[in-house]
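What follows is a pair of complexes built around subunit A, which joins subunit B in one and subunit C in the other.
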Partner chain A sequence: MANGYAGQILRVNLSTKGVAKQPLSEELIQEFVGGRGFVAKLLWDELPPGTDPLGEDNMVVMAAGPLTGLFVPGSGKTHFGTKSPATGGYGDSNMGGHFAPTMKYAGYDVIIVTGKAAGPSILVVDDSRVEVRDGAEYWGMGAIDCEKALKDDLGEEFQIITVGPAAEKLVKYACISHDFGRQAGRTGVGTVFGSKNLKAVAVRGTGTIPVVDPAGALEKGKAMYQSCYNKPGFQGWTPFGTAGITDWVNEVGAFPTRNFQTSYFKKYKEINGAALREKILVTDKGCFGCPIPCGKYSRARTKLGQVTVEGPEYETIALLGGNCSLDKIEEVAYANYICDQLGIDTISGGAVVSFAVECFEKGLLSETQIGRKIAFGDLESIVYLLEKIATREGIGDLLAEGVRTAAARIGGGSDKFAIHIKGLEWSGYECRNAPGMMLSYMTADVGAHHNRAWALGFDISGGSGSVTDLIQGKGERPASLSVFDPAAYAAKVDKVIELQHMRPMFDLLGVCRLQWVEIGMEVSHYEEIMPLISGKQMSLADLLVVSERVWNLTRAFSAREIPGFGRSFDYPPGRFLEERIPDGPSAGRVMSKEEADWLLDEYYRKRGWDENGLPTAATLEGLGLGFAAETAASRAK
Partner chain B sequence: MKIAAAEERCSGCRVCQLVCSLTLFRETNPGKAAIRVKGEFPEPGRYWITFCDQCGKCAEVCPVEAITADGGVYRIDRDSCTGCGLCVDTCPKGAMFTLAGEDSPFKCELCGACLEYCPRSAVFDADGGIPIRRW
Partner chain C sequence: MKVRVNAFGQMRELFPGRQAQVELELPAPVSLRDIICELGINPLIVMMCTVDGQYRDKEFVPEDGAEIVLIAPPAGG
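Presenting the complex of A and B:
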């Protein structure tokens, strides 16, 4: 058995209730390390090309990495991958919590679910005992309620993932929920659970993860934690978690507001980290092994009632706060809770709701079609729409498809303000004054998601040691708005590519990136601890090569699965190319089509992709992806 | 060194369990830790920490005197222990732990690793020997 790994892949076919276990192959470990790497390779190898995302043949891959579950900061990450019902291409999403560590203690680095259960089901993994059970009594429950019911029924020590009613109704952006507030929110991984009649997976694990040098790993682990404790950000960042960046994003004019109409929300101080901590916090709530818990568990009272919810974290503040214009932290928390129970991704959910409100304001959706008047800043409107979406009643049936499909059906130019890339709604950073970040969104493999390459700090301040440094104003901040300049833009392209390898590297290892991103824990620790865990040298450079390999493979996967995939899928929506930001610190900025094209040309060239944005055969072969080259070549013709 | 807990500071990360199992057994396995964290969610939204405060009740009830104090730390002599389980049943904190397939229980030997590495000082040294960590 390979050290650092549990050693097995667990396969469950829901159609037959068949369960199989196979050893994790040395080759898979060598070439793809873990987590997101395993997800990408297994999807490429095993998903029949052209599979319907909601069909029986689609797979959900859940994967840990070699550091998941170990005494390493932030070792609680679980990676999920599937063919995305939101985009039709490569889909993945990850979450913190305690699930993948427990998978490994139970003996599995990977769980693959395929097929479709005859009726509502749950999967129970109790160490070596694996069983598909009837789940009828849980069907229809809110995601949080379902987790509580399963904890009560199975035992507190089970770690559980659930989906809510939105997944049951095949809402395209349904999430997977865990630990009463953690979500794998993006790309509709929860939707695929729903399509398989799979309501939940519960895992209990009592085993030990083998490591080659336990004493050495203990000492190195201590050094990594100590490094975190000694960073200024340990005290500066932890109290507010991700919500702590709300002020900065507004002050630099990058905060999604009123469906991305502008990039500055006047009342941002009512919904920032300080408001959260002072007004609604119950307890800090961390993931497994985390020294800097960003989870903020809250209790909030609004005119619609009182809720207890984990959050809101930054993305939720951006999309349900600024973008839906809720200007009280209690109301953001309330909408957060509604999404969490329904099992709706707060990012896509917030983006879809704000899109609908703008359609209503512009007369493209009528009061009759919607069933009531709706408005920005009105909690009742937002909750109404979320509930319609989750039940697919009335207008909800259309909105459940996401903004790209909704805009195509609504027409009237609404596609210009359907804010997405590749069909995935845009997350919490408005980029008309941040070309690097815009490129990051344009080229993110899953669609408009920020976490692959958060280049915003580089755009605004020309680089920084950590997000805490940015918030505290260290580093240069240009006084003027960004202006096209080939040298500066080329540096942005380089930075995006660098980050697209660096940040997903953490996803390979199965650890959280925030210890590095937010407070600046040195990345050199990872190459130093790997030999103590696995017995093998794995330098940072080696890991980044794997990251690049995965980046190209996921691109090739989308090219394989999406008819006509290529450059045309990489452009930002019309709003960002045609409308100037009307107010706030970035007022006046717009990205021109020429800028977007320049960035794409430069990016494709540096990546070794053709002008249509497809990896060339030579690039794929150079990365050990010769098996994907033939498919890519046939697409390029 | 005297272990104490401020559960309102706990964030549920289980770093205490990780460092404990590695120290006690040289294994990465939170199920082999002599300290345990449990969350109570969605309501009321808090954590409970189970730990040994070296009260000595286990030694008092042990019929074969397999548990003895050494400088305020109670240790189990596995050779003498008959595995009767009386200490486990008696422990007022629920901090005597058993492993499947093993007769002898195990307990905290006050090495202090959890106190030193808890990110939140949710478990801490009430004697003040280890500084409380601020965040």
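Presenting the complex of A and C:
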């Protein structure tokens, strides 16, 4: 058995209730390391091309990494992957909590679920005992309520993932929920659970993970924690968590507001990290092995009732707060809770609701179609729409498909303000004045998700060549940042590619990236601890090559699965190319089609992709992905 | 007067030579905003500042010997 790994893949076919266990192959470890790498390779190898995302043949892959569950900061990440019902292409999402460590203690690095159960079911993994059980009594429950019920029924030591009613109704952006408020929210991984009649997975593990040098790994792990504690930013991060960024994103004019109509929310101080801490915080909360807990348990009272919820995180504040124009942190927390119980991704959910409100304001959806008047800033409107979506009642049936499909059916030019890439709704950064971040979203393999490469800071810092202007401006954004400059834009392309390789590294290892991103723990620690755990040298450069391999493979996967996939899937929506930001710090800014084309041309060239954005055979072969080259070549014709 | 400015995470990429810490000699007390500009960094990139462990806004003027920490924006949820 390879050190650092539990050593097995667990396969469960829900159609037959068949269970199989197979050794984790050395080749898979060598070429793809773990987590997101395992997800990408297993989907490529095992998913029949052309599979219906909601069909029996689709797979959900749950994967840990070699550091997951060990004494390493933030080693609680679980990676999920599937063919996305939201985009039709490669989909993945990850979450913190305690699930993947427990998977490994039970003996599995990977759990693959296929098939479709005859009726509502749960999967119970109790060390070596694996059983598909009847789940009828849990069907219909809220995702949080279901976790509580299963904890009561199975035992507190089980780690449990659940889906809510939205997944049962096949809402295309249903999430997987865990630990009473952690979510793998994006790309509809929860929807695929629902399509398989799978309500929950419960895992208990009592085993251990082999480590080649336990004493050395322990000492190195201690040093990594100590490194976090010693960082100057250590004490600054926890009090607000991700909500702490709200002020800054408004100051730089990048905050989604009123369905991305503008990028500055005047009442942002009512929904920021300080408001969360002062008005609704109960306690901080961390995931497995976390030295810098960013989770927040909150209790909020609104006119619709009182809720206790984990959050809101920044993304929820952006999409349910600014984008739906809720201007009280209590109301954002309430909408957060509704999404969590229904099992709706707060990012896509907030984006879809705000899209619907704009359609109503523009007369593209009528009061009769919707069932009532709706408005930005009205909590009752937001909750009404979320509940309609989760039940697919009335207008909810259309909105459950996501903004891309909804806009195609509503018409009237609504596609211009259906804010998505590849069918995945845009997360919490408005980018008309941030070309690097725009490119990050445009080229993100799963669609418009910020976690693939967060280049906004680089945009704001000037990227390159603008430092003098910046100093002279004393913090005012100089005009030169808003003007196309090939040198500066080329540097942004480089930065986006660099980040698109850096970030998967954490997902491969099965650790949270926030120790690096937020407080600056050095990434060199990972190459130092890996030999102590696995007995093999793995440099940072080696890991980045694997990241690049995964990035190209997931692009090839989407090319294989989506008819006509290529460059046309990488453009931002019409709003970002045609409408100038009306107010706030980024007022007047719009990205031109020419700028978008320039960025894509440069990006494809540097990636070794053709002008349609498809990896060339030579690029794939150079990354050890020769097996995907034939498919890529046929798509390019 | 002298101040010590610490950077970490993505902020460090913007520091001269990607250093974790820079010591600045200043002719007179100036605001945090001016200190950040002195380093060639756009103050907009700085999400929060601490001076000797206390949160301060960018108009705060540190004293001689102050330990300053510049906190970069995180990447969201």
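Note that in this section the second predicted complex is superposed on the first by the 617 of 637 C-alpha atoms of A that agree within 3 Å, B and C clash if a C-alpha of one lies under 4 Å from a C-alpha of the other, contacts with A are read in each partner's own complex, and residues count from 1 in each chain.
Quick note on the criterion: contacts are C-beta pairs under 8 Å (C-beta built on N, C-alpha and C of every residue); 3 or more make two chains touch, one makes a residue touch a chain.
Just so we're clear, the structure is a prediction, and the values are computed from it rather than from any experiment.
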| item | value |
| --- | --- |
| Partner chain(s) touched by A:K285 [first = subunit B, second = subunit C, both, neither] | first |
| Which superposed partner A:Q235 touches (first subunit B, second subunit C, both, neither) | both |
| First (subunit B), second (subunit C), both or neither touched by A:F71 | first |
| Contacts of A:G89 with subunit B and subunit C, given as first, second, both or neither | neither |
| First, second, both or neither for A:G343, with subunit B first and subunit C second | neither |
| Partner chain(s) touched by A:I209 [first = subunit B, second = subunit C, both, neither] | first |
| Those residues of subunit A which subunit B touches in one complex and subunit C touches in the other | 235 |
| In the complex, subunit A residues that touch subunit B | 69-71, 98, 101, 105, 144, 148, 156, 179-181, 206-209, 211, 214-215, 217-218, 221-222, 225, 228-229, 234-235, 238-239, 282-293, 295, 297, 299, 308 |
| Of subunit A, residues touching subunit C in the complex | 231-233, 235-237, 242, 244-245, 247-249, 251-252, 313-316, 318, 427-429, 450-451, 454, 456-458, 460-462, 467, 470-471, 473-475, 477, 513-514, 516-520 |
| Touch list for subunit B against partner subunit A, complex | 8-15, 18-19, 22-23, 26-32, 38-39, 41-47, 100, 117, 119-120, 133-135 |
| Subunit A partner contacts - residues on subunit C that touch it in the complex | 6-14, 20, 33-34, 36-37, 40-45, 47-48, 50, 53, 55, 58, 67, 69, 71-77 |
